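Next, two complexes with chain A in common: one pairs it with chain B, the other with chain C.
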Partner chain A sequence: MSETPSIALTNVSKWYGEVMGLNDVSVEFGPGVSGLLGPNGAGKSTMLKVITGMLRPNLGTALVCGRKPFDNPGVMRRVGLVPEQDAFYPHAAILDVITYLTRLQGYDKAESRRRAMNNLERVGLGHVMDRSAAGFSKGMRQRAKLAQALAHDPDVLVLDEPLNGLDPTGRREYAALIRALGDEGKCVLVSSHILHEVALVARRLVVLHNGRVLAEGTAREIREDLSEYPLTVHVQTQDGEALAPLIVSLEGVGRIEHAPTGLIVRTTQPNRLFDEIGAMAAEGKVTVEALDPVDEDLEAVFRYLTQ
Partner chain B sequence: MNPELATPADDPKRLSVKNPPPLKGFAPVFTWGSRLAFRPRRFLLIAAVAVGLGALVGISGVDERSPFAQKDKWFYLWELLDKQTLQYLLPLCALLFVTPGFSNEVSQRTLVYHLVRPVSRSTVFLARFASGVLPAVLVGTLLLWSVLWTSGLSVPTTVWMAVPAVAALSALLLGSLYYMLASIFRKGMIAALVYTFVIETMFIAARGSVQTLSMSYHVRSLYRALVNDEFAERSRYVADAIDPDGLLFRPGVENLAEAAVTMLQKPTYSSGPTAVITAIVLSAAFLAYGVWRTKRRDFPLKD
Partner chain C sequence: MAVYARGYRPYEGSFGGRSPVMAIFGQGFRNAIRTRSFKILGVLVLIFYVIFTIQMYVMLNIEEVVSEGFSRFANRNEPFDFATYTTRYLKQALMGFYGFVATVGALISMLAGAGIVADDLRTRALPLYLVRPIRPIEYVLGKALVLPAVLAIVLLSPGLTFYLFAGLWQPDGTTNEWLGNNVDILGNVIHSYLVASFGFTGLMLFLSARTPRRGTVMAIAAAVYFGGAMMAGLGSELRGVAQQALKHVSLIVNSVSAHVMAEAETDRWRNEAQMERFREEAPSPTIGMVVAIAVLLIGAYAVYRRARSTEVSE
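Now for the complex of A and B:
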């Protein structure tokens, strides 16, 4: 048994008939917030369902806190889940629903109710706790799902598209809470198909596409691993007119655009471009003030990886 | 959101990943399931419809225009209960209250919250089954009582008292079968309806030991074991059938008389204890298979 909250997938494959949900995925998550990123159908939800024991891998091993999660209720004491789907009992007050779900963690009725109330207050639903979730907005339902996931103070927290439907203020608050949970040492895994959502909360990213892990690390680390992918470079120079014909024939260079501050160059071999321009500048052929990659942000990384 | 209200850190014992003891968590799931099953508006509506249907059946038995009613109300009431009510109406109570217990959690995707709690799948499965049985028994009893009450006959206490036992056996046996079907088929209610109105009818229509494959056979066995003597005492056809003066072969009444004789031939049906034991064993087998499937099954719970 692992005391440290952790998730480990080793060579995990999961398929539905002929459709591959996960394809030989090996990845680990420890304390802190990690982001699971990928377009719709990439396998994010399948991975989260394997982690939370709803699906059994066809191949490979999934471990949560050192235990296999499928039909293993013991390990679920340490797990909290915010599912993607809005599933709530429509005929019961949200306080009663969360009290019931917290009772299943082994608390008595009074303690379950106290925790449910506390967490509904925590997520900003204290004023509507006697109402059914059926009348809630999407954002309120997201908060309610978070409240049920936090009520037993889990140290592995899995959040599937948690920021969907939240207004900007709610999104900021929710993201701050997720970061705080990560800072407490909990293993928090957040999935999303929207980059800026993940960027709000996670330092470490795992990019999934077609059931495979395309990359993992920080955004910068991932970008550094992608030397063969095209990069857009801003060459700050007053000699754009002279520089363009010199670099157009370089291997890997694609489109060149003139900009007020120099050239925007797209290349598949950025290191070579940097070396050649550096050499030209050293020889005095051109004057170059700076070379800046302009698309090292998450959006570009994601686009490169999934294209 | 208010981070100041964070739940305090948990005690280390609760962070253990040891599996809970069997059926741990049964009580809260059962209580919650009962709360859903006894939701007032739904429960009262179904109970009212059941009582209404029962009343229709009972009134049809005393309708003086009915040739059966003119000849032998007691025998006709016995037959109404034995065939139409026990075979088709009573199973509907189990269908409405027991079948949806677990399958609704799957179709509404609320099962997801149970799967990430330290409660075993089998506990959730069995507790939701149990929570559907009591309302099915209550409504089934009301249904049968309404038949007796509206029949206009002075039904003996023994028959009134037999009704809850018959309703309970029906809810247990047919409920567990439907519950198992709902764990196999995505449209569990439809599978249960097909079973009740097609397969059961085929079994009952068959002759000999094939009838014992029918689930309602065991319910009807208990019913016959508990009430046959009371009805036989009061039925003119039964009296005729056992009358040594030859009334049995009176023209025009052969079929009914034959049925009355069959009614008394208890050996063709199981005895009361055999029916109950068989029903319990079958129910346990259905539930065991349902648990087995539920434990092995993936639950993608997609939108």
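Now for the complex of A and C:
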């Protein structure tokens, strides 16, 4: 049994001119799902780019599967990336796009097509594989990105903000898929600026702030650390008036404001709020389009953590 | 933490695999030839090709027309020779054909090649290439082969078939002899194609790797193509170093320079003094090839930098 982690960063620093992207970061990730949490600009994307070989660290060493990923195509045979932004040719059928991307992994056309089909089925897009991604919903596009990352059966899977923009039901299904991949023994690294999102999928979290590792631990440990700190959550819904009385009595909820796009809720127990609203949406009591912590508030949480 | 504690198995496969060059090339080629602009301009070239083929058939196979051509030989007191007549005719025909089609080829390269890398930038697909086992040089090769393949359809294949037709329409038993004696024509066709495909490809790779906007790429390419042709025209009016420099700045004119030289040597420019003057004013096929290779290398390097890292600004 090996103790070698799938991803190992040792004293990695990366800067862009005078801006520090990563500052002396040492962290390891092994099999299972790990979360990379941090506000916008914390260095998450820089770390993911270093891991996926798109950036070379200015200082320190990054190893993926025991090899340096920068300018090392062989490592990429074992890595899958779900980028934050959509990255598909808009006019081609998603099956053709993923078949092509899988061919770039070194498989022949027939094998690539078979793998593309299997993985599109796996992420629940089997019925639309002949359609272009241009007509896909946000959730479908996120699933398609996951399918292309999985098609070559990578050992290391990197997902950049994969739950962004998903509705509560889609978020749950996608999270279940990510957890299943972790349970298969893949090293799955999920980045997010939303604690609740990564807590849905990851057992271990690494918190980044200003390019440094601020905290490491289980979701529960970090959640407990934040339990006293109120968080503002934007509930995007057309059913604000019906939803407000249902959540006002929830533990931790302090204040509810109506907004043009839904409700602004202040709570000390955001996970409870997310779970309850998700359950109500699943039962059909209300329709919820999105649940997002307000960014400025998250910045405050990280300031609180640094104190 | 134990790596294998939850079912993880160590990777036992190879770090090697099939080269992705052909997959990248195939994707780019399909994208290029399914554009409407390629189809429209391709039909235009096809029409032109058919007209030239018919004209060539008439010039080499209809007795009255051939006799008239021979009478031109007689007027100059040159010996009557069908093979020489064919050679002269073909060199002039190729000059006329490529004088027009090289410009169409430039337009095709501009329209079909604008998105060659720019599409990967615009659709943000480049990171998906970068996280695959592709060497930057493989990405460059895959992309760089697309336009030469497209241009082979419109620039190379017509010239090759004209050469073959001319050989086939020789009197019985002399086809191989004619083809062998006129292999320089085949060389000119290939030279012309290579200069065009290297130059056009290099320019489009360079521009396409610099911006995700196809419109910007096409606008700058048009300025280079047609501005270059104007400057080359201006250069031929000058003398000295300025002339030598300017007459080679047009990728389009450079691409037909071999045909221009071949045509000049056949009919119009029999006087050696005139020929010398012509060589001074017309671009040299050799320098044209050097310019095209230089442009190709610059374009390939621009794409290489894109394919190596997202740190293109460094």
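One rule holds for everything that comes next: the second predicted complex is superposed on the first by the 215 of 307 C-alpha atoms of A that agree within 3 Å, B and C clash if a C-alpha of one lies under 4 Å from a C-alpha of the other, contacts with A are read in each partner's own complex, and residues count from 1 in each chain.
Keep this in mind: a residue touches a chain if its C-beta (ideal position, glycine included) is under 8 Å from a C-beta of that chain, and two chains touch if they have at least 3 such contacts.
Predicted, not measured: the structure shown is a model, and the values here were computed from it.
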item: Chain A as common anchor, with chain B and chain C clashing or fitting; value: clash
item: Contacts of A:Gly30 with chain B and chain C, given as first, second, both or neither; value: second
item: Touching partner for A:Val123 - first (chain B), second (chain C), both, neither; value: first
item: Partner chain(s) touched by A:Asp183 [first = chain B, second = chain C, both, neither]; value: second
item: Chain B versus chain C as contact partner of A:Ser6, first or second or both or neither; value: second
item: Partner chain in contact with A:Leu63 - chain B first, chain C second, else both or neither; value: neither
item: First (chain B), second (chain C), both or neither touched by A:Asp108; value: second
item: Touched partner set for A:Pro83, first chain B, second chain C, both or neither; value: both
item: First (chain B), second (chain C), both or neither touched by A:Ile194; value: neither
item: Overlap of the chain B and chain C footprints on chain A, listed as residue numbers; value: 1, 49, 52-56, 65, 71, 73-81, 83, 85, 87-89, 100-101, 103-106, 148, 155
item: Chain C residues touching chain A - in the complex, by the definition given at the top; value: 1-11, 13, 15-20, 23-24, 27, 119, 123-125, 127-136, 308-311
item: Contact set on chain B toward chain A in their complex; value: 1-3, 5-10, 14-20, 24-25, 28-29, 32, 35-36, 39, 108-110, 112-121, 295-296, 298-303
item: Chain A - residues contacting chain B, complex; value: 1, 16, 49, 52-56, 65-67, 71-81, 83-85, 87-89, 91-92, 100-101, 103-106, 115, 118-119, 121-124, 143, 148, 150-153, 155, 170, 173-174, 176-177, 180
item: Interfacial residue positions of chain A with respect to chain C in the complex; value: 1-6, 28, 30-32, 49, 52-56, 65, 70-71, 73-81, 83, 85-90, 100-101, 103-108, 148, 155, 182-187
